[in-house]
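In order of appearance the chains are A, B, C and D, and numbering begins at 1 in each one.
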(Lines give C-alpha, C1' and ligand atoms only; values in the text may rest on other atoms or scores of the structure.)
Protein backbone atom coordinates (compact mmCIF):
# COMPACT_ATOMS: atom_id res chain seq x y z
CA UNK A 1 0.00 0.00 0.00
CA UNK A 2 1.15 3.47 -0.92
CA UNK A 3 2.35 5.59 1.97
CA UNK A 4 0.19 8.69 2.46
CA UNK A 5 0.93 11.31 5.07
CA UNK A 6 -0.93 14.56 5.60
CA UNK A 7 -0.30 17.51 7.88
CA UNK A 8 -2.99 19.20 9.93
CA UNK A 9 -2.32 22.46 11.75
CA UNK A 10 -4.01 23.52 14.94
CA UNK A 11 -3.45 25.81 17.91
CA UNK A 12 -3.82 25.11 21.60
CA UNK A 13 -6.93 26.77 23.01
CA UNK A 14 -7.48 27.82 26.63
CA UNK A 15 -10.39 25.39 27.12
CA UNK A 16 -8.08 22.43 26.45
CA UNK A 17 -5.78 23.25 29.39
CA UNK A 18 -5.77 21.58 32.79
CA UNK A 19 -4.66 22.86 36.21
CA UNK A 20 -1.01 22.14 35.31
CA UNK A 21 -1.45 24.79 32.60
CA UNK A 22 -0.86 22.26 29.83
CA UNK A 23 -3.23 20.43 27.50
CA UNK A 24 -5.24 17.85 29.45
CA UNK A 25 -4.12 14.42 28.22
CA UNK A 26 -7.58 13.38 27.03
CA UNK A 27 -7.81 16.32 24.65
CA UNK A 28 -5.16 14.88 22.34
CA UNK A 29 -7.88 12.49 21.15
CA UNK A 30 -9.56 15.55 19.60
CA UNK A 31 -6.37 16.59 17.81
CA UNK A 32 -6.06 13.07 16.43
CA UNK A 33 -9.66 12.96 15.28
CA UNK A 34 -9.48 16.38 13.62
CA UNK A 35 -6.27 15.31 11.85
CA UNK A 36 -7.87 12.07 10.68
CA UNK A 37 -10.93 13.89 9.30
CA UNK A 38 -8.55 16.28 7.56
CA UNK A 39 -6.66 13.31 6.08
CA UNK A 40 -9.88 11.82 4.71
CA UNK A 41 -10.97 15.18 3.31
CA UNK A 42 -7.60 15.64 1.62
CA UNK A 43 -7.71 12.27 -0.13
CA UNK A 44 -11.30 13.03 -1.19
CA UNK A 45 -13.22 10.59 0.98
CA UNK A 46 -15.08 12.18 3.88
CA UNK A 47 -16.88 10.62 6.85
CA UNK A 48 -20.11 11.34 4.98
CA UNK A 49 -18.94 9.46 1.87
CA UNK A 50 -18.24 6.44 4.06
CA UNK A 51 -21.57 6.78 5.84
CA UNK A 52 -23.42 7.15 2.57
CA UNK A 53 -21.76 3.94 1.38
CA UNK A 54 -23.36 2.28 4.41
CA UNK A 55 -20.31 1.92 6.63
CA UNK A 56 -18.74 3.37 9.75
CA UNK A 57 -15.20 3.11 11.10
CA UNK A 58 -15.42 3.19 14.90
CA UNK A 59 -12.14 3.34 16.80
CA UNK A 60 -11.36 -0.11 18.22
CA UNK A 61 -7.88 0.51 19.63
CA UNK A 62 -5.85 3.55 20.47
CA UNK A 63 -2.45 4.03 22.01
CA UNK A 64 -0.74 7.27 22.91
CA UNK A 65 2.65 8.40 24.11
CA UNK A 66 3.04 11.83 25.67
CA UNK A 67 6.51 13.34 25.27
CA UNK A 68 6.35 17.07 26.04
CA UNK A 69 3.16 18.84 27.18
CA UNK A 70 1.52 21.35 24.83
CA UNK A 71 0.93 24.85 26.14
CA UNK A 72 -1.55 27.70 25.57
CA UNK A 73 -1.33 29.33 22.16
CA UNK A 74 1.20 26.81 20.85
CA UNK A 75 0.97 26.10 17.13
CA UNK A 76 0.93 22.40 16.43
CA UNK A 77 1.35 20.23 13.37
CA UNK A 78 -0.27 16.82 13.44
CA UNK A 79 1.29 14.43 10.93
CA UNK A 80 -1.12 11.65 10.05
CA UNK A 81 0.05 8.58 8.22
CA UNK A 82 -2.10 5.77 6.89
CA UNK A 83 -0.48 2.48 7.92
CA UNK A 84 -3.08 -0.05 6.79
CA UNK A 85 -6.42 -0.19 5.01
CA UNK A 86 -7.16 -3.81 5.79
CA UNK A 87 -8.15 -5.82 7.71
CA UNK A 88 -8.51 -2.59 9.72
CA UNK A 89 -7.85 1.10 9.13
CA UNK A 90 -4.65 1.99 10.96
CA UNK A 91 -3.28 5.49 11.40
CA UNK A 92 -0.14 6.80 13.04
CA UNK A 93 0.03 10.36 14.41
CA UNK A 94 2.91 12.60 15.40
CA UNK A 95 2.38 16.02 16.93
CA UNK A 96 5.17 18.53 16.48
CA UNK A 97 5.67 22.12 17.56
CA UNK A 98 5.16 24.07 14.34
CA UNK A 99 8.07 26.47 14.82
CA UNK A 100 10.74 24.25 16.40
CA UNK A 101 9.73 20.90 14.92
CA UNK A 102 10.06 19.32 18.38
CA UNK A 103 8.17 16.05 18.70
CA UNK A 104 5.57 16.36 21.44
CA UNK A 105 3.32 13.34 21.14
CA UNK A 106 2.76 10.22 19.08
CA UNK A 107 -0.12 7.80 18.78
CA UNK A 108 -1.77 5.05 16.79
CA UNK A 109 -5.38 4.18 16.16
CA UNK A 110 -7.03 1.11 14.73
CA UNK A 111 -10.52 1.44 13.32
CA UNK A 112 -12.67 -1.43 12.22
CA UNK A 113 -15.12 -1.28 9.38
CA UNK A 114 -18.73 -1.90 10.39
CA UNK A 115 -21.67 -2.24 8.02
CA UNK A 116 -24.25 0.10 9.52
CA UNK A 117 -27.36 -1.89 8.55
CA UNK A 118 -26.19 -5.26 9.88
CA UNK A 119 -23.81 -3.97 12.59
CA UNK A 120 -21.35 -6.61 11.31
CA UNK A 121 -17.60 -6.17 11.10
CA UNK A 122 -16.16 -6.19 7.60
CA UNK A 123 -12.50 -7.00 6.92
CA UNK A 124 -12.21 -5.43 3.49
CA UNK A 125 -12.01 -1.67 3.08
CA UNK A 126 -14.96 0.39 1.91
CA UNK A 127 -14.66 0.71 -1.90
CA UNK A 128 -14.74 4.53 -2.04
CA UNK A 129 -11.98 4.76 0.57
CA UNK A 130 -9.80 2.16 -1.16
CA UNK A 131 -10.15 3.89 -4.51
CA UNK A 132 -9.32 7.32 -3.12
CA UNK A 133 -6.23 5.96 -1.34
CA UNK A 134 -5.04 4.25 -4.52
CA UNK A 135 -5.53 7.27 -6.75
CA UNK A 136 -4.28 9.92 -4.32
CA UNK A 137 -1.33 12.00 -5.44
CA UNK A 138 0.14 14.23 -2.78
CA UNK B 1 -48.73 24.69 36.57
CA UNK B 2 -47.56 22.72 39.56
CA UNK B 3 -44.11 23.58 40.84
CA UNK B 4 -41.70 20.65 40.57
CA UNK B 5 -38.15 20.78 41.82
CA UNK B 6 -35.64 17.94 41.86
CA UNK B 7 -32.15 17.65 43.28
CA UNK B 8 -29.24 16.08 41.42
CA UNK B 9 -25.95 15.38 43.14
CA UNK B 10 -22.58 15.39 41.45
CA UNK B 11 -18.91 15.82 42.31
CA UNK B 12 -16.29 17.97 40.61
CA UNK B 13 -13.88 15.86 38.58
CA UNK B 14 -10.28 16.77 37.68
CA UNK B 15 -11.00 16.86 33.93
CA UNK B 16 -13.49 19.70 34.45
CA UNK B 17 -10.88 22.06 35.92
CA UNK B 18 -9.10 24.87 34.14
CA UNK B 19 -5.69 26.51 34.75
CA UNK B 20 -7.21 28.61 37.58
CA UNK B 21 -7.80 25.27 39.34
CA UNK B 22 -11.58 25.77 39.27
CA UNK B 23 -14.29 24.32 37.04
CA UNK B 24 -14.02 25.79 33.53
CA UNK B 25 -17.10 27.95 32.99
CA UNK B 26 -18.33 25.98 29.97
CA UNK B 27 -18.53 22.76 31.97
CA UNK B 28 -21.49 23.99 34.00
CA UNK B 29 -23.58 23.29 30.89
CA UNK B 30 -22.89 19.61 31.55
CA UNK B 31 -24.05 19.86 35.16
CA UNK B 32 -27.24 21.54 33.97
CA UNK B 33 -27.89 18.92 31.30
CA UNK B 34 -27.27 16.02 33.69
CA UNK B 35 -29.62 17.62 36.22
CA UNK B 36 -32.28 18.13 33.55
CA UNK B 37 -32.05 14.49 32.40
CA UNK B 38 -32.31 13.46 36.05
CA UNK B 39 -35.41 15.66 36.43
CA UNK B 40 -37.08 14.01 33.44
CA UNK B 41 -36.16 10.54 34.68
CA UNK B 42 -37.59 11.33 38.12
CA UNK B 43 -40.93 12.48 36.74
CA UNK B 44 -41.00 9.37 34.54
CA UNK B 45 -40.49 10.91 31.11
CA UNK B 46 -37.03 10.34 29.63
CA UNK B 47 -35.36 11.82 26.56
CA UNK B 48 -36.13 8.52 24.83
CA UNK B 49 -39.86 8.76 25.66
CA UNK B 50 -39.91 12.20 24.05
CA UNK B 51 -37.93 10.98 21.04
CA UNK B 52 -40.20 7.96 20.62
CA UNK B 53 -43.17 10.32 20.64
CA UNK B 54 -41.52 12.01 17.64
CA UNK B 55 -40.23 15.16 19.31
CA UNK B 56 -37.03 16.78 20.49
CA UNK B 57 -36.43 19.70 22.85
CA UNK B 58 -33.28 21.51 21.67
CA UNK B 59 -31.98 24.30 23.87
CA UNK B 60 -32.90 27.66 22.34
CA UNK B 61 -31.75 30.03 25.07
CA UNK B 62 -29.51 29.74 28.06
CA UNK B 63 -28.31 32.21 30.66
CA UNK B 64 -25.87 31.63 33.48
CA UNK B 65 -24.58 33.50 36.46
CA UNK B 66 -21.37 32.39 38.15
CA UNK B 67 -21.17 33.26 41.82
CA UNK B 68 -18.37 31.22 43.44
CA UNK B 69 -16.10 28.86 41.48
CA UNK B 70 -16.39 25.11 42.09
CA UNK B 71 -13.22 23.25 43.08
CA UNK B 72 -11.79 19.74 42.71
CA UNK B 73 -13.63 17.07 44.67
CA UNK B 74 -16.41 19.43 45.76
CA UNK B 75 -19.79 17.80 46.24
CA UNK B 76 -22.52 19.73 44.46
CA UNK B 77 -26.29 19.75 44.52
CA UNK B 78 -28.06 20.99 41.41
CA UNK B 79 -31.63 22.09 42.13
CA UNK B 80 -33.72 21.98 38.97
CA UNK B 81 -37.08 23.62 38.82
CA UNK B 82 -39.58 23.46 35.98
CA UNK B 83 -40.82 26.99 35.29
CA UNK B 84 -42.93 26.49 32.19
CA UNK B 85 -44.13 23.73 29.91
CA UNK B 86 -45.51 25.96 27.19
CA UNK B 87 -45.04 27.65 24.83
CA UNK B 88 -41.50 26.45 25.67
CA UNK B 89 -39.91 24.22 28.29
CA UNK B 90 -38.23 26.48 30.86
CA UNK B 91 -35.97 25.29 33.65
CA UNK B 92 -34.21 27.14 36.43
CA UNK B 93 -31.05 25.72 38.03
CA UNK B 94 -29.23 26.50 41.26
CA UNK B 95 -25.95 24.85 42.19
CA UNK B 96 -25.14 24.65 45.88
CA UNK B 97 -22.23 23.25 47.86
CA UNK B 98 -23.65 20.06 49.34
CA UNK B 99 -22.16 20.48 52.80
CA UNK B 100 -22.42 24.25 53.37
CA UNK B 101 -25.48 24.99 51.23
CA UNK B 102 -23.63 27.97 49.73
CA UNK B 103 -25.09 29.11 46.40
CA UNK B 104 -22.42 28.82 43.70
CA UNK B 105 -24.20 29.25 40.39
CA UNK B 106 -27.62 29.81 38.89
CA UNK B 107 -28.98 29.50 35.38
CA UNK B 108 -32.03 29.25 33.16
CA UNK B 109 -32.68 27.37 29.96
CA UNK B 110 -35.45 27.59 27.42
CA UNK B 111 -36.06 24.63 25.16
CA UNK B 112 -38.41 24.62 22.23
CA UNK B 113 -40.37 21.62 21.10
CA UNK B 114 -39.57 20.44 17.58
CA UNK B 115 -41.37 17.71 15.69
CA UNK B 116 -38.55 15.53 14.39
CA UNK B 117 -40.19 14.46 11.11
CA UNK B 118 -41.21 17.95 9.95
CA UNK B 119 -38.49 19.94 11.79
CA UNK B 120 -41.30 22.35 12.76
CA UNK B 121 -41.56 24.14 16.09
CA UNK B 122 -44.54 23.16 18.19
CA UNK B 123 -45.93 25.44 20.91
CA UNK B 124 -47.82 22.85 22.91
CA UNK B 125 -45.98 20.40 25.14
CA UNK B 126 -45.46 16.77 24.14
CA UNK B 127 -48.38 14.76 25.59
CA UNK B 128 -46.28 12.27 27.55
CA UNK B 129 -44.31 15.07 29.19
CA UNK B 130 -47.42 17.07 30.08
CA UNK B 131 -49.09 14.03 31.60
CA UNK B 132 -46.07 13.10 33.70
CA UNK B 133 -45.73 16.65 34.98
CA UNK B 134 -49.41 16.77 35.94
CA UNK B 135 -49.41 13.43 37.72
CA UNK B 136 -46.04 13.76 39.45
CA UNK B 137 -46.05 13.60 43.22
CA UNK B 138 -42.74 14.44 44.82
CA UNK C 1 -15.45 53.72 24.00
CA UNK C 2 -14.34 52.88 20.52
CA UNK C 3 -16.19 50.02 18.87
CA UNK C 4 -13.89 47.11 18.07
CA UNK C 5 -15.04 43.98 16.29
CA UNK C 6 -12.90 41.07 15.20
CA UNK C 7 -13.66 37.95 13.18
CA UNK C 8 -12.51 34.49 14.12
CA UNK C 9 -12.89 31.56 11.75
CA UNK C 10 -13.37 27.98 12.79
CA UNK C 11 -14.76 24.73 11.45
CA UNK C 12 -17.14 22.26 13.08
CA UNK C 13 -15.31 19.11 14.16
CA UNK C 14 -16.84 15.66 14.59
CA UNK C 15 -16.12 15.56 18.33
CA UNK C 16 -18.37 18.59 18.88
CA UNK C 17 -21.46 16.85 17.53
CA UNK C 18 -24.26 15.29 19.53
CA UNK C 19 -26.71 12.48 18.71
CA UNK C 20 -28.86 14.92 16.70
CA UNK C 21 -25.84 15.25 14.39
CA UNK C 22 -25.45 18.94 15.22
CA UNK C 23 -23.04 20.78 17.53
CA UNK C 24 -23.90 20.04 21.18
CA UNK C 25 -25.19 23.31 22.68
CA UNK C 26 -22.49 23.45 25.37
CA UNK C 27 -19.70 23.46 22.78
CA UNK C 28 -20.57 26.97 21.61
CA UNK C 29 -18.89 28.17 24.81
CA UNK C 30 -15.63 26.95 23.27
CA UNK C 31 -16.23 28.87 20.05
CA UNK C 32 -16.90 32.00 22.12
CA UNK C 33 -13.78 31.56 24.22
CA UNK C 34 -11.55 30.92 21.20
CA UNK C 35 -12.99 34.02 19.52
CA UNK C 36 -12.40 36.11 22.65
CA UNK C 37 -8.77 34.95 22.93
CA UNK C 38 -8.35 35.77 19.26
CA UNK C 39 -9.83 39.24 19.89
CA UNK C 40 -7.35 39.88 22.70
CA UNK C 41 -4.45 38.61 20.60
CA UNK C 42 -5.46 40.86 17.71
CA UNK C 43 -5.56 43.99 19.84
CA UNK C 44 -2.18 43.01 21.32
CA UNK C 45 -3.19 42.06 24.86
CA UNK C 46 -3.16 38.33 25.55
CA UNK C 47 -4.44 36.34 28.54
CA UNK C 48 -0.80 36.10 29.63
CA UNK C 49 -0.33 39.89 29.53
CA UNK C 50 -3.33 40.25 31.82
CA UNK C 51 -2.10 37.48 34.12
CA UNK C 52 1.39 38.98 34.25
CA UNK C 53 -0.19 42.30 35.27
CA UNK C 54 -1.67 40.39 38.24
CA UNK C 55 -5.28 40.11 37.09
CA UNK C 56 -7.77 37.60 35.74
CA UNK C 57 -11.11 38.07 34.00
CA UNK C 58 -13.36 35.15 34.98
CA UNK C 59 -16.71 34.90 33.23
CA UNK C 60 -19.46 36.09 35.59
CA UNK C 61 -22.46 36.02 33.27
CA UNK C 62 -23.20 34.46 29.95
CA UNK C 63 -26.29 34.33 27.77
CA UNK C 64 -26.78 32.51 24.54
CA UNK C 65 -29.40 32.27 21.83
CA UNK C 66 -29.37 29.35 19.42
CA UNK C 67 -30.87 30.10 16.02
CA UNK C 68 -29.85 27.36 13.57
CA UNK C 69 -27.75 24.33 14.57
CA UNK C 70 -24.21 24.01 13.20
CA UNK C 71 -23.32 20.86 11.32
CA UNK C 72 -20.21 18.74 10.66
CA UNK C 73 -17.56 20.42 8.53
CA UNK C 74 -19.39 23.75 8.45
CA UNK C 75 -17.14 26.80 8.24
CA UNK C 76 -18.07 29.39 10.82
CA UNK C 77 -17.22 33.02 11.42
CA UNK C 78 -17.48 34.28 14.98
CA UNK C 79 -17.84 38.07 15.14
CA UNK C 80 -16.70 39.36 18.51
CA UNK C 81 -17.49 42.87 19.59
CA UNK C 82 -16.26 44.63 22.73
CA UNK C 83 -19.24 46.32 24.36
CA UNK C 84 -17.74 47.59 27.61
CA UNK C 85 -14.42 47.72 29.41
CA UNK C 86 -15.75 48.91 32.74
CA UNK C 87 -17.08 48.25 35.29
CA UNK C 88 -16.90 44.82 33.61
CA UNK C 89 -15.59 43.43 30.34
CA UNK C 90 -18.57 42.79 28.08
CA UNK C 91 -18.44 41.02 24.74
CA UNK C 92 -21.09 40.26 22.16
CA UNK C 93 -20.75 37.32 19.75
CA UNK C 94 -22.45 36.40 16.53
CA UNK C 95 -21.78 33.16 14.70
CA UNK C 96 -22.42 33.12 10.98
CA UNK C 97 -22.08 30.51 8.29
CA UNK C 98 -18.96 31.57 6.41
CA UNK C 99 -20.30 30.97 2.92
CA UNK C 100 -23.94 32.06 3.22
CA UNK C 101 -23.59 34.67 5.97
CA UNK C 102 -26.61 33.14 7.74
CA UNK C 103 -26.79 34.02 11.43
CA UNK C 104 -26.66 30.84 13.50
CA UNK C 105 -26.09 31.92 17.07
CA UNK C 106 -25.60 34.99 19.24
CA UNK C 107 -24.38 35.48 22.78
CA UNK C 108 -23.05 37.87 25.37
CA UNK C 109 -20.54 37.44 28.16
CA UNK C 110 -19.69 39.61 31.14
CA UNK C 111 -16.31 39.13 32.78
CA UNK C 112 -15.28 40.77 36.00
CA UNK C 113 -11.75 41.84 36.78
CA UNK C 114 -10.19 40.10 39.77
CA UNK C 115 -6.82 40.92 41.34
CA UNK C 116 -5.15 37.52 41.61
CA UNK C 117 -3.19 38.19 44.83
CA UNK C 118 -6.10 39.57 46.87
CA UNK C 119 -8.96 37.75 45.05
CA UNK C 120 -10.79 41.10 45.12
CA UNK C 121 -13.02 42.40 42.36
CA UNK C 122 -11.77 45.53 40.63
CA UNK C 123 -14.11 47.85 38.75
CA UNK C 124 -11.54 49.61 36.58
CA UNK C 125 -9.99 47.86 33.60
CA UNK C 126 -6.46 46.45 33.68
CA UNK C 127 -4.11 49.19 32.38
CA UNK C 128 -2.54 47.12 29.58
CA UNK C 129 -5.97 46.12 28.27
CA UNK C 130 -7.33 49.67 28.38
CA UNK C 131 -4.30 51.01 26.55
CA UNK C 132 -4.45 48.39 23.81
CA UNK C 133 -8.17 49.00 23.27
CA UNK C 134 -7.59 52.75 23.02
CA UNK C 135 -4.70 52.50 20.59
CA UNK C 136 -6.10 49.70 18.41
CA UNK C 137 -6.59 50.47 14.76
CA UNK C 138 -8.42 47.81 12.82
CA UNK D 1 3.41 -5.51 45.41
CA UNK D 2 -0.03 -6.12 46.84
CA UNK D 3 -2.84 -6.26 44.33
CA UNK D 4 -5.39 -3.49 44.89
CA UNK D 5 -8.53 -3.13 42.82
CA UNK D 6 -11.30 -0.62 43.33
CA UNK D 7 -14.67 -0.17 41.67
CA UNK D 8 -16.02 3.17 40.52
CA UNK D 9 -19.61 3.55 39.35
CA UNK D 10 -20.80 6.06 36.81
CA UNK D 11 -23.64 6.58 34.37
CA UNK D 12 -23.52 7.60 30.72
CA UNK D 13 -24.66 11.21 30.26
CA UNK D 14 -26.16 12.70 27.10
CA UNK D 15 -23.27 15.12 26.60
CA UNK D 16 -20.84 12.21 26.21
CA UNK D 17 -22.64 10.80 23.18
CA UNK D 18 -21.65 11.19 19.54
CA UNK D 19 -23.71 11.11 16.34
CA UNK D 20 -23.69 7.29 16.42
CA UNK D 21 -25.67 7.63 19.67
CA UNK D 22 -22.90 5.98 21.68
CA UNK D 23 -20.20 7.42 23.94
CA UNK D 24 -17.60 9.28 21.86
CA UNK D 25 -14.35 7.27 22.10
CA UNK D 26 -12.37 10.14 23.63
CA UNK D 27 -14.73 10.40 26.59
CA UNK D 28 -13.55 7.10 28.03
CA UNK D 29 -10.43 8.99 29.14
CA UNK D 30 -12.70 10.84 31.56
CA UNK D 31 -14.13 7.61 32.97
CA UNK D 32 -10.58 6.33 33.48
CA UNK D 33 -9.45 9.53 35.20
CA UNK D 34 -12.47 9.64 37.50
CA UNK D 35 -11.89 5.99 38.41
CA UNK D 36 -8.20 6.66 39.11
CA UNK D 37 -9.01 9.64 41.35
CA UNK D 38 -11.53 7.44 43.14
CA UNK D 39 -8.86 4.74 43.58
CA UNK D 40 -6.46 7.24 45.14
CA UNK D 41 -9.17 8.62 47.40
CA UNK D 42 -10.11 5.12 48.55
CA UNK D 43 -6.55 4.22 49.52
CA UNK D 44 -6.27 7.55 51.31
CA UNK D 45 -3.87 9.40 49.05
CA UNK D 46 -5.47 12.12 46.94
CA UNK D 47 -4.08 14.18 44.06
CA UNK D 48 -3.70 17.01 46.57
CA UNK D 49 -1.63 14.86 48.95
CA UNK D 50 0.73 14.09 46.08
CA UNK D 51 0.87 17.73 45.00
CA UNK D 52 1.50 18.88 48.56
CA UNK D 53 4.39 16.41 48.73
CA UNK D 54 5.83 18.29 45.73
CA UNK D 55 5.08 15.79 42.98
CA UNK D 56 2.79 15.22 40.03
CA UNK D 57 1.99 12.08 38.05
CA UNK D 58 1.30 13.11 34.45
CA UNK D 59 0.07 10.41 32.08
CA UNK D 60 2.92 9.29 29.84
CA UNK D 61 1.31 6.39 28.02
CA UNK D 62 -2.20 5.21 27.51
CA UNK D 63 -3.73 2.37 25.54
CA UNK D 64 -7.36 1.54 25.09
CA UNK D 65 -9.43 -1.23 23.59
CA UNK D 66 -13.08 -0.63 22.75
CA UNK D 67 -15.25 -3.75 22.85
CA UNK D 68 -18.92 -2.70 22.94
CA UNK D 69 -20.08 0.92 22.78
CA UNK D 70 -21.70 2.46 25.87
CA UNK D 71 -25.15 3.98 25.47
CA UNK D 72 -27.22 6.76 27.06
CA UNK D 73 -28.22 6.14 30.65
CA UNK D 74 -26.16 2.94 30.93
CA UNK D 75 -24.80 2.25 34.40
CA UNK D 76 -21.12 1.41 34.28
CA UNK D 77 -18.60 -0.06 36.69
CA UNK D 78 -14.97 0.86 36.15
CA UNK D 79 -12.60 -1.63 37.79
CA UNK D 80 -9.24 -0.04 38.45
CA UNK D 81 -6.25 -2.14 39.34
CA UNK D 82 -2.83 -0.90 40.38
CA UNK D 83 -0.24 -2.84 38.41
CA UNK D 84 3.00 -1.08 39.39
CA UNK D 85 4.19 1.72 41.65
CA UNK D 86 7.71 1.92 40.26
CA UNK D 87 9.51 2.89 38.15
CA UNK D 88 6.15 4.28 36.99
CA UNK D 89 2.57 4.21 38.21
CA UNK D 90 0.66 1.70 36.11
CA UNK D 91 -3.08 1.15 36.21
CA UNK D 92 -5.34 -1.25 34.38
CA UNK D 93 -9.01 -0.45 33.79
CA UNK D 94 -12.00 -2.56 32.81
CA UNK D 95 -15.41 -1.08 32.16
CA UNK D 96 -18.39 -3.37 32.65
CA UNK D 97 -22.13 -2.93 32.30
CA UNK D 98 -23.33 -2.77 35.90
CA UNK D 99 -26.36 -4.98 35.46
CA UNK D 100 -25.14 -7.62 33.00
CA UNK D 101 -21.43 -7.63 33.89
CA UNK D 102 -20.60 -7.49 30.16
CA UNK D 103 -17.08 -6.25 29.46
CA UNK D 104 -17.27 -3.10 27.35
CA UNK D 105 -13.80 -1.56 27.38
CA UNK D 106 -10.34 -2.09 28.79
CA UNK D 107 -7.29 0.16 29.05
CA UNK D 108 -3.93 0.78 30.66
CA UNK D 109 -2.18 3.95 31.70
CA UNK D 110 1.39 4.64 32.70
CA UNK D 111 2.12 7.75 34.73
CA UNK D 112 5.57 9.01 35.54
CA UNK D 113 6.49 10.77 38.74
CA UNK D 114 7.73 14.33 38.27
CA UNK D 115 9.14 16.58 40.98
CA UNK D 116 7.23 19.82 40.48
CA UNK D 117 10.01 22.22 41.54
CA UNK D 118 12.76 20.73 39.35
CA UNK D 119 10.51 19.28 36.58
CA UNK D 120 12.69 16.15 36.83
CA UNK D 121 11.43 12.60 36.46
CA UNK D 122 11.73 10.47 39.57
CA UNK D 123 11.78 6.67 39.42
CA UNK D 124 10.80 5.94 43.00
CA UNK D 125 7.23 6.39 44.17
CA UNK D 126 6.14 9.35 46.26
CA UNK D 127 6.44 8.31 49.95
CA UNK D 128 2.83 9.06 50.90
CA UNK D 129 1.52 7.03 47.97
CA UNK D 130 3.80 4.07 48.70
CA UNK D 131 2.82 4.03 52.35
CA UNK D 132 -0.91 4.16 51.61
CA UNK D 133 -0.62 1.34 49.07
CA UNK D 134 1.30 -0.81 51.56
CA UNK D 135 -1.09 -0.25 54.42
CA UNK D 136 -4.34 -0.43 52.44
CA UNK D 137 -6.80 -3.09 53.44
CA UNK D 138 -9.74 -3.49 51.13
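Keep in mind that, in the parts below, a residue touches a chain if its C-beta (ideal position, glycine included) is under 8 Å from a C-beta of that chain, and two chains touch if they have at least 3 such contacts.
Quantities reported herein were computed from a predicted structural model and do not represent experimental measurements.
Enquirer: Using C-alpha centres only, name the chain that sits farthest from subunit A.
Expert: Between subunit A and the rest, the longest centre separation is with B.
Enquirer: If you tally the C-beta contacts for A-B and for A-D, which one comes out higher?
Expert: Between A-B and A-D, the larger count of C-beta pairs in contact belongs to A-D.
Enquirer: For subunit A and subunit D, let me know how many angstrom lie between their CA-based centres, rounded off.
Expert: From the centre of subunit A to the centre of subunit D is 25 Å.
Enquirer: Where the centres are mean C-alpha positions, what is the separation of subunit A from subunit C, in Å?
Expert: About 29 Å separates the centre of subunit A from that of subunit C.
Enquirer: Averaging over Cα atoms per chain, report the distance between subunit A and subunit B in Å.
Expert: Roughly 34 Å separates the two chain centres.
Enquirer: Listing for subunit A: what residues touch at least two other chains?
Expert: Each of 14-15, 26, 29-30, 33, 72 in subunit A touches at least two other chains.
Enquirer: Can you tell me which positions in subunit A touch subunit B when the two form their complex?
Expert: Touch list, subunit A to subunit B: 14-15, 17-19, 21, 24, 26, 72.
Enquirer: With touch defined as at the start, can you tell me which subunit C residues reach subunit A in the complex?
Expert: Subunit C reaches subunit A through residues 13-15, 29-30, 33-34, 37, 41, 46-48, 72-73.
Enquirer: What residues on subunit C touch subunit B, complex-wise?
Expert: Counting only subunit C, the residues touching subunit B are 20, 25-27, 29-30, 33, 56, 58-66, 69.
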